[in-house]
Amino acid sequence: MRHRAHSFLLVVAAAAPAALGQGVEHTPPPTPAIAAATEVGPLGRRLAAARSGDVIEVGPGIYRERLRIGKPVTLVARPGAVLDGGGTTDIVEITAPGVTLRGFTIRNTGINLDRENAGIRVLAPRATIEDNVLEDILFGIDLREAPDSIVRRNTIGGKALDIARRGDGLRLWRSDRTVVEGNVIHNGRDAIVWYSKGVVVRGNVARQSRYGLHLMFSDGVTITDNEFTGNSVGIYLMYSTGVRIEGNRLLRNRGPSGYGIGLKETDQYSVRDNLIAGNRAGVYIDGSPFTDRMPGEFTGNTIACNDAGMIFLPSARGNELTGNNFIDNIDQVTVAGRGSLEANRFWKGDRGNYWSDYTGYDRNGDGIGDFVHESQTLFENLMEREPSLRLFLFSPAQQAVEFVGRALPAVRPEPKFTDEVPLMRPVPITAGGAGTGHATGRLAAGGAGLLALAGIVLAFGRSGVPREGVTS
Amino acid sequence: MIRIEGVTKRFGRAAALDHVSLELQAGDSVALWGANGAGKTTLIRCVLGLLRYEGRIEVGGHDATRHGKAARLLVGYVPQELGFQDDLRVAEAVAFFARLRGITRPDVRGSLAAVGLDPHRGKRVRELSGGMKQRLALAIALLGDPPVLVLDEVTASLDAVGRDEFVALLKQLSGGGRTVLFASHRLEEVSILAGRVAVLDHGRLVRTVSRDEFLAEQRPRLFRSLGREAAGTAEAGCTAPGGPPSFTARSCREASL
Amino acid sequence: MSALAANVSALCRPRPAGRNILTLAHRELREATRSKRFILYSVAFAALGLAVSLVSASVGGGSGLAGFGRTTAGLINIVLLVVPLMALSAGAGAIASDRERGMLAYLLAQPVSRLEVLLGKYLGQAGALAASIALGLGSCAVILAWKGAATSPSSVAWLAGLSLALALGMLSLGMLVSVLSRKVSVAVGIAVFLWLALVFISDLGLMAGAVALRLRIEELFALSLLNPLQVFKMWSLHAAEATLDVLGPAGLYATEEYGQRLHLIFGACMLAWIVVPLAAAGAVFSRRSPT
């Protein structure tokens, strides 16, 4: 990956002098590298001629120029309008408030992390960035002190660099009340929100990035109906207050410390109706809630098939879990280190959670198990004390240990937590299906192939000896 | 065709064979004679390369151990009892062993017909009687028309009638210049099949004599054993009127001639 | 006489080993697939696999969660339990049963070499095991596809291939037991003990060791490579997920330290388990009397 980026740079630098001065198909001047795209090209000249409030329509073509928008205008691209940074620089910079940029394909920024080469940089309030496609960019959309902006329906694809050399697909810095909606971000580093209040993040998709969404010191943020799949971490909240996380799908986020949702010293949050599946850890809670002003609320979430459903650091206290589904996580709920879960509640009033490993029954049919659910498998307990024992997961020896734990009360560990009113049935999953992602047709074909193989071997085994003289 | 030179075989301390040397020219038919434990079966197993031994055995010029495969290709072997619990059918069994001998298009029915088993070709091997199993083993031993036949007390597990029939069959099929090495402790078999007799005693080859010499020596004993046999068949009701003429009686006549 | 003399020279060239092995393998395959043991194990394996598949396909009640279900892990578990037992006992019976009923001496009195007999039996039994595995995992795949579970076809294919590799290793071990045993009952008894040792005792011992001796994770990983069942498990997970992170610190260590070279490491371990016991069996078999 690295090599490809380098050689690409070389090619551009070598080709640049020959292609100098050719109108729309302008290639960047040879030096300096950061000014590879021409400072003022045809679009720049049209901008210079425009007045505030103008709508400038841009026809198809490849525009190799840095676009500085210093007036409150609306730029609308017709299909095929491409802004190309030539791989050496920033591309669009918005310095006036109230600018709208719509429908462009913006591609090929520089890769200088120190200069934070960006596809679109917004340095003024009330920008509307919508329906753009950003490809092969280091930073995608970078809002600095751009409150009340709208970032909508953009597709942002990062460069094929390794993660340490990538930039953020989306960054908000002191941009309060910004709406981020319906964007698709992939192969970036993070989508990150710094020091921004009242931001709404709705209906976005982030894939193959490091942090699907990262909040730093940002209060009153609403995160709804997004999908975070295959990132290192889905959503990570740090030092933020008053955050709502609802109806999101957090799937297969499996980085080295891969969480669906991570909460670090975050306060007054509510996590509702999310689907959190296939992550290394579904939910990771470190020092949250930070104060005791409001319990951390988890309701209606489906936490399924993660390596660990929820990991609590010993410092975590004051979380309340009701009406969630805990389905087939290898560890349903676990405490890192030798902490206890005492300060968190796994049921409230007459409402507990659904636990797929609940072994009791419901004789009176009220939907609530007749026995308390106590989480206490011996192997889980051993794994918590000695994490390296996870190596023996899925082996019959694990079942042997668990069997011993069930059979001999003497070695049965203390329950980690109890749910006195466990649900007999899972609560409905509202965050949409998890999708299959694989063609079952091929699976069926593969299965049929294996069966055919077995048939051939058996048929061969049963015939082949010449039967002359037997049948004749 | 078979050359046995100074063969010694020890099981632990005991020597089952002690410097045995014996040579069979092509067409020779040699009986190994001796009591149980004299070393007959052990010698046969050495010839087949089933046991390791000191000394040297060659079959058709091939070392029985180092080139066992080539040596055994010259040998048809009939064991004491066919240890075949298989659910192979008779014809399939013949075809299987024919393949191991490299016969690509075996005449299975012909082989079976020669031993009178063709009507039973569709039966499973385990359904055969003892006599039929031995005939099957003989059919298998004759696959590919090998120049050497090795027989290890092939009648030991048969009753008197089956024994006589089988020996007659052997006489009929083992001729034609074949080299035959067989272990026996029945005089009538020796008298019918053997040209020479090698007498083993406690693992040592005591001597080799011609059949006639041997029979002359053994005649007194033969009569004793005949008496026992006659009593046995009488008990079994084999001499009942209308029964088949006893091979034993005929072999005695031959022997006394 | 002259016809027979001509016969001698015609018979001088024994049949090539490969064809003998195939003939013997064919007979062994036929016997193996007709045995009650084969049918019993095949049915048990398929039934357990299907049960796991159905349970994991029903996770979350049709919400599409099935794709996340640990189907592969569940099937790995079943394979770990059934396949070694199946292969060990197949191997243990292969030579000893023929020896016990006198068939072995008769077979070896034919123009075949001992190595041919051993390899033929190995190949035949391997074919039967392959059929059994393909039957079980194939029906699981069909059921999973029918239930719409998103198990990836390639992970099932890997699982089938690696199960066969595990079966081959255990078959080698079983054959070694078989050539060393005079009686089938003894051979099968030893095989069952070995199964217990590999499935439970060694893992439990290693667990105890990890806790008591405070083994470092690299030591733990290295020791776990000694057990073919662990190798199979780690290899299957690695093939399905491209990472062993699910196995905790030791798995992460292996993934980070060796990456894709893990395929080589696991492959070498498995190959050793296939080749070494079989070679030992060959060495013993060529020396021992067949009765």
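A, B and C label the chains in the order they appear, each numbered from 1.
Throughout what follows, a contact is a pair of C-beta atoms (placed from the backbone, for glycine too) under 8 Å apart; a residue touches a chain by one contact, two chains touch by 3 or more.
Bear in mind that the values here come from a model prediction, so they are computed numbers and not experimental data.
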{"item": "Touch-network distance, subunit A to subunit C, counted in steps", "value": "1"}
{"item": "Geometric centre: closest chain by C-alpha means", "value": "C"}
{"item": "Chain whose Cα centroid lies at the greatest distance from that of subunit B", "value": "A"}
{"item": "Rounded Å distance between subunit A and subunit C, as computed from the means of their C-alpha atoms", "value": "41"}
{"item": "Centroid distance [mean C-alpha coordinates] between subunit B and subunit A, Å", "value": "82"}
{"item": "Mean-CA-position distance for subunit C and subunit B (Å)", "value": "42"}
{"item": "Of all residues in subunit A, the ones touching two or more other chains", "value": "465"}
{"item": "Interface hub residues of subunit C, defined as touching at least two other chains", "value": "27, 34"}
{"item": "Junction residues of subunit B - those touching two or more other chains", "value": "88, 96"}
{"item": "Complex contact set, residues of subunit B against subunit C", "value": "26-27, 45, 48-52, 60, 62, 68-70, 72-75, 77, 79, 81-88, 96-97, 99-102, 144-147, 150, 176-178"}
{"item": "Residue numbers on subunit A that touch subunit C, as the complex places them", "value": "251-252, 254, 256, 277-278, 280, 302, 304-305, 307, 325, 327-328, 330, 356, 382-383, 385-397, 399-401, 426, 429, 433-454, 457-458, 460-462, 464-465"}
{"item": "Complex contacts: residues of subunit C adjacent to subunit B", "value": "1, 3-5, 7-8, 11-15, 19-20, 23-24, 27, 31, 34, 101-103, 105-106, 108-113, 287, 289-291"}
{"item": "In the complex, subunit C residues that touch subunit A", "value": "26-27, 29-30, 32-34, 56, 59-61, 63-70, 73, 76-77, 80-81, 124, 127-128, 130-132, 134-135, 137-146, 148-153, 156-157, 160, 199-200, 203-204, 206-207, 210-211, 215, 217, 220-221, 224, 229-230, 233, 237, 243, 245-252"}
